[in-house]
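By written order: A, B, C and D. Residues from 1 in each chain.
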């Protein structure tokens, strides 16, 4: 805790407040004024983005550790703190959240149906996400976690697409089932820690017995793993993403899935290092299965969003495998992959969303030859697909490199199999690209306009994010490993 | 001697109160005319106010009369007037339900009474009965100091309830009209 | 950053290698709708790159190897550096890439004129040029791998350039995926090295391998894995079938990417870490076998196809096989030299074929012949020059490099490799002249009724009339390349001296790079020495006669008057079919992918998701719902009934506890 | 007479009568009346315990007052619901209100 630096100005709470204030302002705008609602949303999202960028810039990675700390005792009798801070693990996640929120709001600019409720719920969702990422208190992490889960149901069930009620219900049930593992685990740890603090770092110092760690870690891994689409708890991912509206898919796949992996890392591996060691083989196994399985199952899909859903399963498998290695490179790569995949999948969903808005179909065989009529929109998708394949000089390549390097060292067989996943992902992404965008011009889509300059902006932002961190991975890795290096010493 | 005379009177008065209360309660429950029920209730509530006097709390007894007998019974009468006309006779009571209810109530009564009798009640430490402590001043003092929160919460609850009652009753009128 | 501007060499390197990238970005973002400007930008930038490359070669011709590097990022104990490594090999290759890319882009001005995707074409050409140049001068294997992948990406886009055509996009996908298969091996090899050795710098690796800084097991394993990359990129057996399919791309692309430079990247990488490979005898033997098999298989395929570009594609594969054979048997210079000459004459062949294809709108050599292909004099002469070079006829460049390879092979203890090499040379000459004779001396003479005659006049006039600018844009690069093919062979000794020279220059790199290069020199000199000792005249005669024999057979069958023009293989339809279907390799892959992957695993997994996992979850849901429905009967809606039950239960409980 | 158990028995009797009313009356207002009886029985208990057992004389009275307040609120709400129900269904028979039936 020596590395903890108290912040003068509560920047983290301010970031959280940008969403909550945005939410409140939207609530008090009459629903007819859709334009104003969108402007307010974009303004509050961009404020969050600016603050997160500043935070990223201001974080001193040479010093490392927890910075911008806000710590106030809230409930004394059971030890709940309003305890926020950023380190190298959650800082990229905060940045990711703000970028995806910003681009997501912008992407939904053409929304007409119940605009007010949509943006209000979306800000509630993101408030939860920010809260989970910045909070260092188990109680608050859980509260924010559930805050972020709850709006998913209305968001999908009201604004969704294919089989929206089923998708919404399935997703919500899955995620709440995850919560049902997490809450007992948190309370278990709290009780075993003496029952007087929820502070993550105070609990960390206690040092639980191996038995407690094993049990708690498994529960946390299962609970958060459901959200991270760990095989075999992944089937909500395709179904839910197919059903969800564009921006929700973006935030959900881009950010919310990362909450799962982040939870495993932040709570599970911080509090139960022995448990993580004990279960690392299981994590590696499930991660590898996820990589291969997601790619192979994705090969046969005919719905664009299903494909992306499965690709997320595959990419989150890489995160899982990286965490399982319990090494600097593996966790660096996993965190980096979380970021890279978030941006990439947001780009995926935003381009698919655009195509769907215009053509009203996501079925690949119906789409064919789209490149002729919408070259720019197609190029966004193709770019995302290339990032998904792991083409070098895009952010995800470095993540995969680091994870696979660590994996080959720690689990040679799993590592080699995961490498095979690279072939499969190439096959399956290119297959989709070919069938959707290439081929003869489809007369059905002849009169559909291409993406306008205004709507291209959020996609371009996401693309440049991928390229920037692909060309300059140092910018991110320095930050990540400032925390990861001390982190792995405890395994 | 004087006290024993007073005691006798008091005892007599007590049992009269008991009889009135139980009779009131019975009237409140058994007759099928709803207006009789309300009157029975008023009688029973008054009897209970009497018990409060016997227990030494003038303030609560007064409150009982004011709130229950005064306010609630009147409100119920209003409700009766606003709802079903009295002259429409209700369908006969199904006997199975009647007997089952009586059985359940009897079981409950026996259970509770036997608990009450079997338990060896012990005074809490520091229990001293001093009439001065039961004075209205004392209660007023406590209500505005230690139980301030209770006091405020009651008023808040009442406020909310009244608003809610107005809305519920009014809203349905809007729908039905 | 300032260092880039202070050091002219570094400046030229960075500028030359990265200018095309910015060109690509500018084209894609700003000048998409202005094809003319796009092409000018692209050609201009590649010209600058070529000039940079040539001036670097000139400036550093006598200088020691240079290494620039900067830390890219650090993760744990991994230090990933970004840097450029300028030694004779990379400078040579940089120059080849620069010049050929420049020529091809000029050629494309004509070939692609009027294409709706003109700007896109130049954007991807620039992407390729950028990636290829960066790959060539990469300072570390990881960086090489990165640009290696980028080159593959450019190749994917360019093969699938005509994306409306299903076969084109299919070919692009196939190329990318097959390359990926090899690349995963490469990647694993790199990871192994990273874990076992910790440094992927090219000089460091070579040094470590030659000074036994690496354990033999690690070396062999990683060398074999890295060789998988060569197999993928250079289309070696068993991943060779993507290259013929890649001919779906525009012809200049085939010339640049799929013959001269990109596919040679595999061989280049092999030679780049040649000392490292030569540290492992097993890996070298494996490479030799693969190279030989590839060479023979693809030659056999080239003998039966009538598609102009397919012939050159198979030929490219077989020549790459040759190079791998040369390198694998220790002929460092022979391999590199053949790479150089091959780049020249194969680009020439493709570009000439491109003119024919552009003119006659067909790939079939028989139709081109019949419609008067030989009337296009410039390409006809040039394609013959290229074919002569390919066949290894004196004084064309191919002769010299092929002799060098044969001499290396002859030095191998097992003469079977030499025999295979000679046999391959015969086949090469045969199939290339089969093509030449088909066009030059078509069966039944030239049909006079072809559509060009409608305009009247000879085809030459037609060229002048119709597309003077277009024709000359294509013809000039072709003539330049023909000239190069004619003279390049005579530069063998200066080149050998140049490539081998750095051994003798004690520079700052001698500390860690010198020993590596000494090994090269040693191995190579040994090979060459052996060759020369074992009787060069004999070898010379054998080599030349192999080429001439092939040409003679081709003449017998296709050239002479009254020849059957069918080829001796047509007498055995089974073999013809075997060759034509690429030894059933594609069938095998297709079937494998379809049955094992799509019909097998994919549908199994999908079914598993839908039925077992989702079914299980839904089952739980149905159970919950059903049991809820069951218990909801208790919820009769009769308030008093519920209360009654409650009171009875409570009362009973009280009674139970009290009495 | 003035002993705890007397009061307890009286209150139990009142409670049982209220219970009986709740269980068998079908008139909603009748049920509400019975609920008032239940509450009063409980109040009586509080007062009695306070008088005979508790150390602090005020607490029981305060609770009784609190319950009275709540009872008033409950009566207000209950009666308004009854009125609303009556307008909707033209009946205040509890057995007619079965929409929540599972």
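Here is the rule we use: a contact is a pair of C-beta atoms (placed from the backbone, for glycine too) under 8 Å apart; a residue touches a chain by one contact, two chains touch by 3 or more.
Here the structure is a predicted model, which is why all the values come from computation and not from measurement.
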- What chain lies farthest away from subunit A once each centre is taken as the mean of the Cα atoms? B
- Message: Applying the document's contact definition, name the chain pair with more C-beta pairs in contact, A-C or B-D.
- Response: B-D
- Distance in whole angstrom between the CA centres of subunit A and subunit C is 37
- Distance between the centres, which are taken as Cα means, of subunit D and subunit B, whole angstrom: 7
- Express in whole angstrom the distance between the two chain centres, defined as the mean CA positions of subunit B and subunit C. 96
- Task: Could you please state the distance in Å, as a whole number, between where the Cα atoms of subunit C are centred and where those of subunit D are centred?
- Result: 90
- Message: Show the residues in subunit D shared as contacts by 2 or more other chains, in ascending order.
- Response: 19, 23-24, 26
- Note on the structure: Touching at least 2 other chains, the residues of subunit C are 640, 644, 647
- Can you name every pair of chains that touch? A-C, B-C, B-D, C-D
- Given the complex with subunit B, which residues does subunit D contribute to the contact? 1-2, 4-5, 7-10, 12-21, 23-27, 29-30, 32-34, 36-37, 40, 43-44, 47-48, 50-55, 57-58, 61-62, 64-66, 68-77, 79-88, 91-93
- Note on the structure: In the complex, the residues of subunit C that touch subunit D are 629, 631-640, 643-644, 647
- Message: So in the complex, the part of subunit D that touches subunit C is made up of which residues?
- Response: 19, 22-24, 26, 94-95, 97-102
- Item | Residues on subunit C engaged by subunit A in the complex (per definition of touch) | 71-78, 142, 145-147, 149-150, 153, 156, 160, 163-164, 166, 169-170, 172-173, 176-177, 180-181, 183-184, 187-188, 191-192, 194-195, 597-598, 601-603, 605-606, 609, 613-614, 617, 621
- Would you mind writing out the residues of subunit C in touch with subunit B in their complex? 640, 644, 647-648, 650-652, 654-655, 658-659
